[in-house]
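Report on one structure; see the data block that follows.
Letters A, B, C, D and E mark the chains in the order given here, with residues in each chain numbered from 1 onward.
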Amino acid sequence: MKKIFVLGLMLLLVIGIYQLAVYDPLHERTMAFEDRDSQAYLDRSVNGDPGEVVFGKSTNLEDGAANTVAAIVVDYRSFDTLGEVTVLFISSLGVAFLSGGFGKTIRLKHKPGFVLRYGARFVFGIILVFGAYMFLHGHITPGGGFPGGAIIAASALVLSLAGEISGEKMKAFKILEGAAGTLYVLTGIVGLYMAGFFMQNVLPSGIVGHLFSAGIMPLIYLLIGLKVGSELTGILDYFLREEVES
Amino acid sequence: MIAYQSIGTALGMALFAWLMQTGLSGVDRKITARIQKRRGPVWYQNFRDVFKLLNKRSVTHGWIFDLGLLIALAGAIGTAMFMPMAGIIPLQGYDNFFMITYLAALGVFGRALSAGASGNPLAAIGVMRGLTQNIGYKLPYMVLVIVLINYYKTSSISGIAALQQVQGWSVLKMPLGVLVAFISLHGMLGKKPFDTYLAPSEVASGPMVEFGGKYLGLLNIAHEIAVFVEISLFVNLFLGGGATLAEFLLKYMAVYLLSSCLGAVMGRLRVEQVVRFYYKVPIGLTILQVLLFTLLYGGVS
Amino acid sequence: MNWLSLIVSLFLTGIAGYFIARIKPSLGAWIAMAASCAALLLVLLGGDALPGGPAWGLIRFEVTPLGWFFSLLIILVFSTNGIGSLAAKGRQHREPVYTMLYLFALAASLGVFAAENWLALFIFWEIAVWSSTFAIGLGNGRKGSVSYFGMSLLGSLMMLFAILAMGSAYQTFQIREALTTALQNPGPALMVFILMLGSSMVKLGIMPFHIWMPPAYTEAPDEFAPALAGGLSKLGAFTAFLVSAYLPISGFMGGSWRVKGLPALSYGLVLLASASIVFGTLMAIRQEDAKKLLAYSSAANGGYIIIGILMGTSMSVSGALVHLLAHALATTTAFSVLAVIVRQTGTSRMDALGGLAHRMPLTFLAFLTAILSLVGLPPMLGFVSKWLILQSLASQGLFLPAAAVVFGSIGSMLYAFRILSTVFLGQLKPRHRALQESSPGVLLSLAILSGATMGLGVYPSGLIQYTAKIEASLGMSETVQTAGLSIRGINGNLNALLIMGAFLIGMVIAGAIFFKAPRSRKVDLMDTYTAGEFIYSPELYHYGTQFAAPFERIYEKLPSISRVYAALASLTDDLGNLVKYLFFSPMPSRTALWISVVTILLIWGEVL
Amino acid sequence: MMELLSLSLLFLGIYGLVTKHHILKMIVSLNVMETGLNLFITTLGYQEGQIAPILSSQFPSSALNFVDPLPQSLVLTSIVIGVGTTAVALAYAIKIFKDHGCLDLEKIEGRL
Amino acid sequence: MMNLNPVLTIALPLILAFTKIMYRRIANLFLIVGSLINIFVVMFLKEGQYLMGGYRPPFGIILQVDTYALYSLLVLNVLFAALMLLVTKKAENLTSSSLIALAALNGLILTGDLFNLFVFLEIATIAALILVSSIKKYHQAFNYMVAGAIGSTFYLLGLGLLYKQYGTLNMARMHELMAASPSGSAVAVILIFIGLAVEIKLMPFSSWAAGVLKNADEWIGPMIGAIYGGVMMIVVGRLFTDIFVMDAKVRLMLSLLTLITLVGGEAAAFQSRKVREVLLYSGVAQAGLEALLILNGYPAIGFILVLSNMTAKYVMFLLAGYMAEEAGGDDFDRLTGVFRSNPVHGFAFTVAGLSLAGLPLFFGFIVKLNLLYNLMLSHSYWLPALILSASLVEGIYMLRMILGLWRLPEGHRGGLQVRILGSSHRRKYAVYTISMVLSLALILFGLAPDNALSIARRARGADTDGKPLVLITMKGGIGQ
């Protein structure tokens, strides 16, 4: 009986919000796409209008990335992404704190099969390279730091399933994570004192579509990729870890 | 300043009050005896009692016991000094009703003080009963007198008496009120139905239990003067106060004897019955009288 | 020397007193006494022309005759109480903070009486409230201080509401200006009048608001009770005077029908005050504890003051002022005496005491004057005020309040005799044989207070002339007149000296007869006529409990108001429980449910 | 149409939170809610016949009719926040299981 | 001086947090240094708009620093630094989470972009979650997490709808567009309000607060109870006065919600018999009152009410935490007379309590006075009456608690042996100084509130919808 009542409530909510805020046949409650803020991002015309941006030709734009979403995530609104990274960092800290520090890694009861043991070592390299590709080409092709980092973590998962990774390597990931985070904020500070604004894109933006274009974006995506990768591996490792009642 | 002459008349008034009232109470004892089919003592028996008591040696319970008694008598004498009587107004212009009632109350309080100081619980119970009854009969009486004061626009007793001469007795103006006043007067005098706190058979005669010899004598004098004050108040306020002394005394005797005759034929009530009675009949009549009065004279505009 | 420096110096001595008392506790009492006596001298010499002193921001002072009268009254109470408690080595005196709170309460009430604008008045009022709350808290009990604080907070919040309503409607906080402009355009004037009087009734302890008095007076430390009962509860009367004088209700309530020349609203309030007199007297008769008895009697006496104020005639206002002074002096004396008794016997329950007059005669005499003044018998000041109030009631023709006043004065004789006979007269119990007379300091303070009561009672015209000056300063058209020694009432005048003279003459005559008659033999207390009963121990032989049993039986079922407040408190508790159960359950699903329900209500509410 | 679907997905998640007392089920419904929300935000930026906002060889010029990129970047952030919260929630689940031995909040609540 | 950019208050703690996990040994040094630098930075901040990444406002993210933000930052950082000084030993292994919490709180006040606000809100909630789990009450923390998740979802949903209608995320531009055509934005504003209501502990959504604060120690109490509550209310203050435009009906419904919180909170506090419970429910009630003021156009008074409540609750939660820890529980009869043996604590606690209840001589009274005066200026009499009765109930239960803690009945040894912080003298004097400084500040502002009131006027003095702000100051009486 309670469930039906709650379902009814949910139905009311959905209809209410849809009817009153979303459904807008005359478009008087939806801003046309042209005069939304994002149009400026698409034309790369926030600080000055460069005219038509052509892939592979236009150079020294205010933001050289071909992938506009990546441009927004890392350049126009990079402060959000800094917050973003902190969320992940704080979650991994939380998981570390809650799982009570350094317990013994669980030895899986069943020995990993032959195929898994050797296959893992082989597959690990490919996944790792694909992950690296993801965040290095973040500003050209869809993807970027976060999916790249996740793929790296997946590769680490494959290894740990095969029983390869043990406690001490985690220390390395920790340092990598800390270093990447600090570097990310330092680029912001450098931008502040070099060019007057926090997270200012100090390097030349190069030609749209080339690998070495869009100023500091690839550098930031690299740092984010490494950081996210190490954090997610850390979180996975904590979950695999048995809390040792010392 | 008040001339010595008026202090003299005031003292004379107190002395006369005592003499006249003690004589009258002797006559009253004869009449009540007659009602109870016996001869009763000579009319001056009360004088003899007082003088006999004053000459006997008695017992005291400490200085508060004596001080209280002196206050009682002083209060009675002080009240009597202010009482106007048919044209003889001892202290012109100061005979205010509230002042007289509160001075009399001081006398009653003095007596209660000395009874309490005697150390005898029976006296304390007697005083408590007396004060409880006091609440019963004093309330309607005072309210009625306040109505009178409001009507005559003056609270001096001689003033009201003089006005009544002119406009007719207040009995005619508020018959109900006078009836209630008489019932309260009956209670104040301590006559039969309301004499639980004084009666010898009740709690060894209440406050009087420890008084003997000169103390009883002084109390007797104070009692007589207090009776005089109450009755003359009643006469002055309700019965027109009397143009000549004779007329005043005649009314005085009529009221006194009527109340004592009534007293002689009635049984005694318990204390809370007295208070319940006073809070049913007299208070009801007073409220009626007040409503009547406000409708006729005063005004809700 | 101006008012601001007086108050600031009192506050500073309070703080200094705290630190000194921490070093040597007994010094605290000295400081309290010295400061209050110094203040008494300064105010007495300064007269009511004392300069208000420089303005310190919002806090500006202006000494008016009314303010001066009240300040003199409260300083007299505090200094005599200081002298009395100096001698007593009370348990409270080991608390260093007591001296600070004591002087804070005094300074704050002085601030109230001389405040020039409403906000300053309110600030000092609140300081007086919470400093006396903590002082009561030092005593033995928490219920008293919490109910005191709760009710005073209710009163002061009512006053704050009224002040701000006036401030916002008339753009000024000056006392006189605000009230007079309220007369012209009576927007919130009616509400202001009711709230102001409500707050002063709470402080005076009129019937529905009196529940804080019994617990507060019993649980307050013995040294603080006289100051609290005599002085601090008079703050309420001050605002009542201000409001009813400057905002004469007949001014803007002209339209509604009037009863005997009094507008309906103030007649209603007068009825409330009379109900408080009757209720207070009935409850006082029934009490077993002496302090509770006096607490209910102050509730009754508060009723006289309010009736006097509300009637607004010259005699009634002066009667209210005189009654204020009489009640303050009498209650302070009574509570100081009770303090002595409680310190020596350990209890203020009347049936456990008895016959103390034989051990402490002088204290008994002081207590006797206080009781006579409370009842309103002639030689005392209480009689003068009662006379004035009764005269004005009679001349205005308000018969129901008159009946209540009369009932109050007769009933007070019963409870006055009860406290006298059970505590001082009757049998002296063996364990109290070792009691001594109270120390000279206490006797000095009692002498001052009872001397003032009797002196002013016999020679009141000086005081009455000053009340006339106050009435003139309050802007009343005609003031009470005095001719030579007597007070000229509308329908009769009173010469207190003459009454005292007549009484003394009677005393002389009685003494003559008494001493001429043969001397009587002093007999021991137990040696009395017991009508056949054999009673061997004084405890049995003392008539204390259920004193006025026959009378009490009549009104046994009298509902007590404190049950109403208890019901209110438990209602809030139940509401709190419901709220906790509904909204604060630790289940996340319930929070989620509530969030969705409220969203639906808000969204769909917006549509409808 | 897509908005309605995503909204109902979101409130389905809330339905799960309200009715279920088992912690893991609640975490799952939390994720359902997050996904529903992300879907809704992405649909805000979509219009018929628009292409992904990435300049590439096939769609070289910025004058083309691109989809609104901003909601997509917001969703990117919101997804990562979802991951963060789920990680912490799972850690709590482990901790609560260790303390109380059972994952049903109602029983835990009853025992406290 | 190098141009001090407000982003340092966010970036520096982040850097310290990130580097801390590499050097575990000197963790608490990071903590204290981080919070002290922040105070230093805030001291020398200049008002103005600071762009992130150099992009013009409506497109890039901006940090705006006006008087309102400046003074909130100052109070926040001072209180945070003081708390960190006290709990360094306890916060050993949670240093970086506290630093991130500090960064998030500063970000919440500074940010000028709505989505950025969402990100910082999320960081703050998770950081608070981690800190709360230090008191080992995991299912309460789970409850908090669920409530926080639903709240942020509703916020983001509302934000999405606003973006759909107005196409921008920048606060100033959103305000212009909304003022131009406010119709249809009501549902979004309501959703955002509910999202934030969970954080500021309004009635139906604040069940998590009860679980968390009921057994909070001297670190979580002030952190969640005072600092987080205050900052969230400042955010609501900014959003619902500067940005969102609501029509009268929505405003009425939302203030109805706050009224229920006010009354319910007071009743619940009246009924509770434990120190922290009383503080918690009175905090909920005060939150209701603050939200009521913000919604009804009195932001200036709401702002100083938030600051004064923040300080008072901070001191009270701090001391309540210590008392409960020392006495093993905080119900009244276990703690009777505890102040007798710790008079300094008692003084600070009493001053904070009386200021919360709004008695004269304290800052709380000045705030209440101005609050009621302005309400009455616009001829509303029912609201002041309700607020006064609420403060009557509050005065009674606050005094009952304080008197219970001061008084020592004869037979009751109760709280006497409780030596608060008897163990470590160094920390004891630190607590003395901090609580004394804050309570003296309450008294000082109570006596001479003019500069505090002028700050309020400068911060939110804008006469929202025609209500002139009239402040009663000690100096001038009724000053315009």
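What we mean here is this: contacts are C-beta pairs under 8 Å (C-beta built on N, C-alpha and C of every residue); 3 or more make two chains touch, one makes a residue touch a chain.
Quick caveat, the model's predicted, so the values are computed rather than measured.
Student: Along the shortest chain of touching chains, how many steps lie between chain B and chain E?
Tutor: Between chain B and chain E, the shortest chain-hopping route counts 2.
Student: Using the contact definition given at the top, which chains are in touch with both chain A and chain B?
Tutor: Both-contact set = C.
Student: To get from chain C to chain E along touching chains, fewest steps?
Tutor: Counted as steps through touching chains, the separation is 1.
Student: So which has more C-beta pairs touching, C-D or D-E?
Tutor: D-E
Student: Which chain lies the greatest distance away from chain B when centres are computed from Cα atoms alone?
Tutor: Relative to chain B, the chain with the farthest C-alpha centre is A.
Student: Counting in whole Å, what is the centre-to-centre distance of chain A and chain D, each centre being its mean C-alpha position?
Tutor: The answer is 16 Å.
Student: Take the average of all CA coordinates in chain A, do the same for chain E, and state the distance between these two points in whole angstrom.
Tutor: The separation of the two C-alpha centroids amounts to 33 Å.
Student: Could you work out how far the Cα centre of chain B sits from that of chain C, in whole Å?
Tutor: Roughly 35 Å, centre to centre.
Student: Can you work out the whole-Å distance between the CA centroids of chain A and chain C?
Tutor: Distance between chain centres, rounded to whole Å: 76 Å.
Student: Would you pick out the residues of chain B that each touch at least 2 other chains?
Tutor: Counting only residues that touch two or more other chains, chain B contributes none.
Student: Counting only residues that touch at least two other chains, what does the list for chain E look like?
Tutor: Residues 115, 119, 122, 126, 129-130, 133, 139, 142, 146, 150, 157, 164, 169, 186-187, 191 of chain E touch two or more partner chains.
Student: Identify all positions of chain C at which a residue touches two or more other chains, and write them in rising order.
Tutor: 586-588, 592-593, 596-597, 599, 603, 606, in rising order.
Student: Report the complete set of touching chain pairs.
Tutor: Per the contact definition above, the touching pairs are A-C, A-D, A-E, B-C, C-D, C-E, D-E.
Student: Could you list, by residue number, the parts of chain E that touch chain C in their complex?
Tutor: Chain E reaches chain C through residues 139-140, 142-143, 146-147, 150-151, 154, 186-187, 190-191, 194, 198, 203-208, 210-211, 249-250, 253-254, 257, 263-265, 267-272, 281, 354, 359-361, 365, 369, 372-373, 376-377, 379, 381, 384-385, 388-389, 391-393, 395-396, 399-400, 403-404, 406-407, 409-410, 448, 472-478.
Student: Which of the residues in chain D come into contact with chain E in the complex?
Tutor: Answer in residue numbers: 10, 14, 17, 23, 26, 30, 33-34, 37, 40-41, 44, 70-71, 74, 77-78, 81, 84-85, 88-89, 92, 95-96, 99-100, 105, 108-109, 112.
Student: If we count contacts the way the header does, which residues on chain A are in touch with chain D in the complex?
Tutor: Listed in rising order, the residues are 2-3, 6-7, 10, 13-14, 17-18, 22, 33, 36-38, 41-44, 52-57, 66-69, 71-73, 77, 80-81, 83-84, 87-88, 90-92, 94-95, 98-99, 140-142, 144, 146, 208-209, 228, 235, 238-239, 243.
Student: Name, in rising order, each residue of chain C that touches chain D in their complex.
Tutor: 586-589, 592-593, 596
Student: Which residues of chain C touch chain A once you look at their complex with the stated criterion?
Tutor: Against chain A, chain C makes touches at 593, 596-597, 599-600, 603-604, 606-607.
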